[in-house]
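Labels run A, B and C following the written order; every chain starts at residue 1.
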């Protein structure tokens, strides 16, 4: 029945263009209604993500300290007008370190998602499109990688490649590659059977043209959603690495490092561990809520059901 | 079905082979010389050379790999250069600690996650679903170590009802084991419950919208049978897949949980070996972990066949 | 004819979607007598399936909701019972059976045919598991399934589409439903199988004096089997009457269009197919006039600006149309 309702489209010649325009407008409205339609939580999350991004971009403007500036005489103090959230064991301003932590986490999250996207989509498209032994081999390798927990994989690689933002993001990115490969591979496999791809091949379009003109655009909604979700996951792995002190080490202003250092003072100054933890949690949760919203808004299967 | 299982087993063997190469590569590309590390920087060049020969480090890479695999197959994992003791002994001591925390977490999380997911799906859009969905989202967004620290802060620091850290083996003192394991197991189970619940909800909603559920309704079947006998059974395959995937998450999370609660398990030894560059231990650790996940995945694949007759009866 | 088994009065079912309210069924009334075969005809999306799901109260909610009307079955208003009520559950399957369009997906893929059949039988009859199984075997034999005992142990994916549709029929048969609703029962099947399934269904209906509602867009099917026809367009009934009247003397432009667009086997009739121009209206934005006007070949200036026409009686007793005009299609050829 939903099908029948959805199928109703308007094709009358003179009205086609007007209707198409209206439809586009409707689509955009639908997109935003669904994106924010999940109630107050979705709206708050969207605002939070925006705030985190703004903070990460403009962090030097928000504070008069640097994240490394020590003031031992002023260590382990509570909140005061000079230090909004107090100071840590080395007298560094906690607020400043948290603000710079947002920059660190988001840049690692975004960069590693980009890595995962580029590597994963390329491999997935190739494996799905060419299929055969090559496709099978790629997929088995992904299986093999999936049998190692991402955190442990990142841990081993981080020990080899060290802890600069560039290499850490690549490492975390690699651990997210199988997800992309599997999804893209599946999509390509199912799309490959569709008539319009067959038609494109019949009129003599080359493999690469078909790959990029027909198959890739169809994967876009999935890719966008995975990317958004991936940022949150990457930040989670980054914080895990930082907490374990591998790859990312003190005094980097990473929330994971701060939580680990702060945990030593859990009895006397719990705010040292709690504030960065709360920020970490808020960022990851709001990213995943935004990702959920995006998925619902971009999922053609859900259209007409909401 | 037997052909299907054989195929799955062959794939598993390939995966283990690939992982063994990967973990062996760690040793090759890691900076530093294990022999030098074992003897310290004051040791003479000759001593280091002798040890290198003893550890087969002077042989070609392929020979080294074959010798290593042969050793592992015999149960001889080699010797830790830092702890100066056989790795199999270390593992025999530590792996059970990780398992006695991880397995209960898995067995608590799987049924609980499914129940939460089913409730959420059945009450779709109602306040109960919204509350459960909110809780799942929050639980999934909490890094394991943060859950640990938060729960320690609440239950140990503020309420003082649970221990801060530590581990007691269940065979030693079961009561103490439960007392000390509550928080770590909770921390490992929480993201799993959330992940499984989420997957269950999605698949139950898909499943409930299928034509045969409409048929079942049109035939007046009771709601309980529709939900559990028809909808849940059809939704089970992706749910089991996720439960299998969660095992990875538990093992990854065990590194963090063991650090928070100061448990000397597999995770701790892996972390410390990476830090101290005791790569032979890392190699074995990674291999053990991937063996566990591969075994779990094999069980999951076989369960597919048990649930879905289309897989069981296919001749592929 | 006999007693009214089912009477639907002014039924309204609306889908509340992000893009607005979609009035899938907009105030339709019809009835089914005991032992009668009634057809509901129209294009996809005209609301015929939704109206039948509404009778069973199986419209997915949200987004769908029955917003008004009465569904009187054997003197009882089903809408008063509520969709989740015990009464409704006992009516579904036992007194009203439903057969759906998609035989490939209408059976649970992970349960054997037998266990599904037996479960429904045990739900509505006080019998043991073994007895239910035996009844199942008998009904499978009644719907002409060979090797019924073996088939009981098969999974749906091991059977053909026609076979599965027979099993769907067997389920309604096993519970001795007084009313069977079939939603495009043969559309998904091969033409030869279609005929077999229809013959089987009609034989069982006539034998057991069951009433049957056939929802379809296949006019050929309807002409052969139905006693009366309701033609639906955009959520409303536009013409109704006994089959012969509708086929030989259609009075609504839409019905005429439908009949003209059926391919005919005889050559002398007409050379070309005459499809209805245009497409059905957007149910979310219905005009405040006759919904068919934009596509109506007879549509006159006079119809413009007038509100949607009410059903009015024409010709015979049972013949109703919702049209302002008087179009008789006396010279039109019949199938």
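In the analysis below, contacts are C-beta pairs under 8 Å (C-beta built on N, C-alpha and C of every residue); 3 or more make two chains touch, one makes a residue touch a chain.
Just so you know, these numbers come straight off a predicted model, no measurement behind them.
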Where are there more C-beta contacts: A-B or A-C? A-B
So which chain ends up closest to the centre of the protein, judged by Cα positions averaged per chain? A
Among the chains, which is located farthest from subunit C on the basis of C-alpha centroids? B
Rounded Å distance between subunit B and subunit C, as computed from the means of their C-alpha atoms: 53
Determine the centre-to-centre distance between subunit A and subunit B, using the mean Cα coordinates as centres, and give it in whole Å. 23
Report, in whole Å, the distance between the mean C-alpha point of subunit A and the mean C-alpha point of subunit C. 48
Expected list for subunit A, residues touching two or more other chains, is none
Touching two or more other chains, which residues of subunit C qualify? 60
How about subunit A: which of its residues touch subunit C in the complex? 1-5, 7-12, 26, 30, 33-34, 37, 304-306
Considering the complex alone, what residue numbers of subunit A touch subunit B? 39, 41, 140-141, 143-144, 146-152, 155-156, 159-160, 232, 236, 239-240, 243-246, 256, 259, 263, 266-267, 270, 273-274, 277, 280-281, 284-285, 287-289, 292
Per the touch rule above, subunit C residues touching subunit B in the complex are 56, 58, 60, 62, 84, 89-94, 97-98, 100, 102, 105-112, 119-120, 123-124, 155, 157-158, 168, 171, 175
Note which residues of subunit B are touching subunit C in the complex, please. 125, 209-212, 214-223, 225, 229-230, 233-234, 307-310, 313
How about subunit B: which of its residues touch subunit A in the complex? 11, 14-15, 18-19, 22, 26, 29-31, 130, 134, 137-138, 140-146, 149-150, 152-153, 157, 245, 248-249, 251-253, 255-256, 259-260, 270-271, 274-275, 277, 282, 286, 289-290, 293-294, 297
